[in-house]
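Going in written order, the chains are labelled A, B, C, D, E and F, and every chain counts its residues from 1.
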């Protein structure tokens, strides 16, 4: 039962990532694309958490931590690049 | 000195949470690492000086977290309502509010809280003015907007950080 | 556990992103798309039971190399605006190199 | 699942090769190289997968006694791990050359570098 | 015209890859070498719970040494190519919020990096990933405080020191133990705990420091070359 | 208890879906940034909190992850909004007031 619900949640997250990709493709400005990138990485963190539960390995959560760190850094560096103050 | 101690304490808590256990053979490398790291970065850890180590501050931290979570959930109901309604009821604008907080850390917490609560997003911080993008502008007066957005968190942060 | 459908969806995402990385006309978007390819490849490694590789790909292949790309792009752009061959109009960024 | 991953890997390799061969901008060529690299890594990890087995890290879910029958192949994973780091080094080196070339000629079009053309 | 030739080439390459794909029929069990590595007595001899780490550090330890050398050469060549004296540039001030957040996050990120490479024999991760995380802490520092000078000399010394210790530890294995990179030169500890697997966590820590300082040097060089416009 | 946690996770996933829909529907960059940041942060927090309820043994790392997301995501969106305002991405036509433009000296470039 729990596994079924979590699998459905995983599918919904993938769907939301697909919708975000639509914004990434048509995005009007660069900032829009960066927002889409941010949401994709944040959603991937939730996705990795659910995959970790379904595989029953706590060690997968380390990867989610690294993900969170690097998405933060990438967004900051893109913003500073756009401000021309890198 | 107090800075190094607070940094060390925070790093120890992070280490225990990372390892997810409190055995002695995990704690000892953690102690060494946290000590070295807190000595290495102590040049820039003056942000923790403002935290008051009193029971009252601790109690207010918990109340603040509670209020914050309620606002977070309210904000998302708000966002969901706005996104899913067909007419897209938005009325955006950038307003200015004033804060009296001095401590850097408290100001960061305030900005983060503003960003995560209903319909507001911090765009620029300059001295004591916060410029906030508000998705549903009700007033453009500095005082009234301040009452609407900032006051409910400011009173807790003032007690916690002084 | 059957991850088949999830891996197919991830594969479609990766291929779309690779297409954007090759064919989009702004270099900045191409670089972000390359980073996203690395990111979802890392989730795919996780499904293929290789957490070590997933962590390496997330930290190095998708994180640090994107950062280095941005430094280089910044360097190239700043030269270009200096000799005035590619002026920025108000607001819209021209980042094509 | 390993078939799907293998297909994705091969397609990404072809996309990267296409970018390397057709693009004129040096930055795009380097992007093609990165894609090629990622594709090869996906292929190698997919070849290491064993049906229905867990990651090669022993803890409470994978016991030491039954390790042979319950883990996937660790050797290609170790090779890919080193290959990714080397890939970063190669990419950084190529980008450094790109900066140098840009300083020489003022642009990055591959057609304007004719000195080594025979 | 030229593109069509390339297309034909790509299609030929694709057909070749399809041949590989066709011949592949999923693995049902491990290969012979992997079976040898996964046997109980061999795992107990090396004592690393993470078999990938066991392969990287002990069985294929020389590869790791060569790889670290390649990274060192890359850093040296990039430093040689891009060396510029850093000038003062006028940058826009950072947001105060971002600076405060960076001050809070930098120690936590460094601690995360140390956790990753100390636990390399128990959890996924190890020297290379931990080094990358430490390098990203350094880049966060560069981004948040652009007016501070990047101290590349410190990283050079750290890198040489940890590289030397790595080689010395490996050679010590050849002198005391049974061969180059033998991990039984210090007490082994109990399997699955943090203090176990002999010399593996120590070697991986130094690999992590070395990789971290090398990557930081590369990034610092790329930052320094910005300023000559 | 486990069922409650699973339902929490499902709600989190739905909130993430709302975030992506909002990204499509909103009219300008700042509104998209608002919706994106809030909904994605809360969606992730809900999902991870649901996993805490499902499997209390993992609480340590998951709480650290929640803390990390809560600290970094608002900061990155603030920096992004600042950059967007600085490079003069226009606000939508439905904007009623822009106080920042009045005191625009805050955003003058010092040199360059």
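The definition used in the following text is that a residue touches a chain if its C-beta (ideal position, glycine included) is under 8 Å from a C-beta of that chain, and two chains touch if they have at least 3 such contacts.
Everything numeric here is computed off the predicted structure, so don't read it as measured data.
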item	value
Farthest chain (mean CA position) relative to chain D	B
Comparison of E-F and C-E (more C-beta pairs in contact)	C-E
Intercentroid distance (Cα basis), chain D paired with chain A, Å	21
Length of the line joining the C-alpha centres of chain D and chain F, rounded to whole Å	32
Between chain E and chain D, distance of the C-alpha-averaged centres to the nearest whole Å	16
Chain A-chain C separation of Cα centroids, rounded to whole Å	13
Touching two or more other chains - residues of chain F	21, 33, 37, 41, 57-58, 61, 64, 71-72, 75, 77-79, 82, 86-87, 89, 112
Per-residue overlap in chain A, given as positions that touch at least 2 other chains	10, 17, 34, 55, 57-60, 62-63, 65-66, 69-70, 72-73, 76-77, 80, 82-84, 86
Multi-partner residues of chain E (at least 2 other chains)	50, 52, 92, 95, 97-98, 101, 104-105, 112, 116, 123-125, 128-129, 133, 136, 139, 215, 218, 222, 225-226
Sites on chain D touched by chain E in the complex	2-3, 6-7, 10, 13-14, 17-18, 21-22, 47-51, 55-59, 64-65, 67-69, 71-75, 77-78, 81-82, 85-86, 88-90, 92-93, 95-97, 99-100
Residues of chain C touching chain A in the complex	1, 5-6, 9-10, 13, 16-17, 20, 26, 28-29, 32-33, 35-36, 39-40, 42-43, 46-47, 49, 51, 54-55, 58-59, 62-63, 66-67, 70-71, 73-74, 78, 93, 95
Residue numbers on chain F that touch chain B, as the complex places them	15, 18, 21-22, 25-28, 30-31, 33-35, 37-39, 41-42, 45, 57-61, 63-64, 70-71, 74-75, 77-78, 81-82, 85, 91-92, 94-101, 103, 106-107
Chain F residues touching chain E - in the complex, by the definition given at the top	71-72, 75, 78-79, 82, 86, 109-112
Residue numbers on chain A that touch chain F, as the complex places them	1-2, 5-6, 8-10, 12-13, 15-17, 19-20, 22-23, 29, 31-32, 34-36, 38-39, 42-43, 45-46, 49-50, 53, 58, 61-62, 64-65, 68-69, 71-72, 75-76, 79-80, 82-84
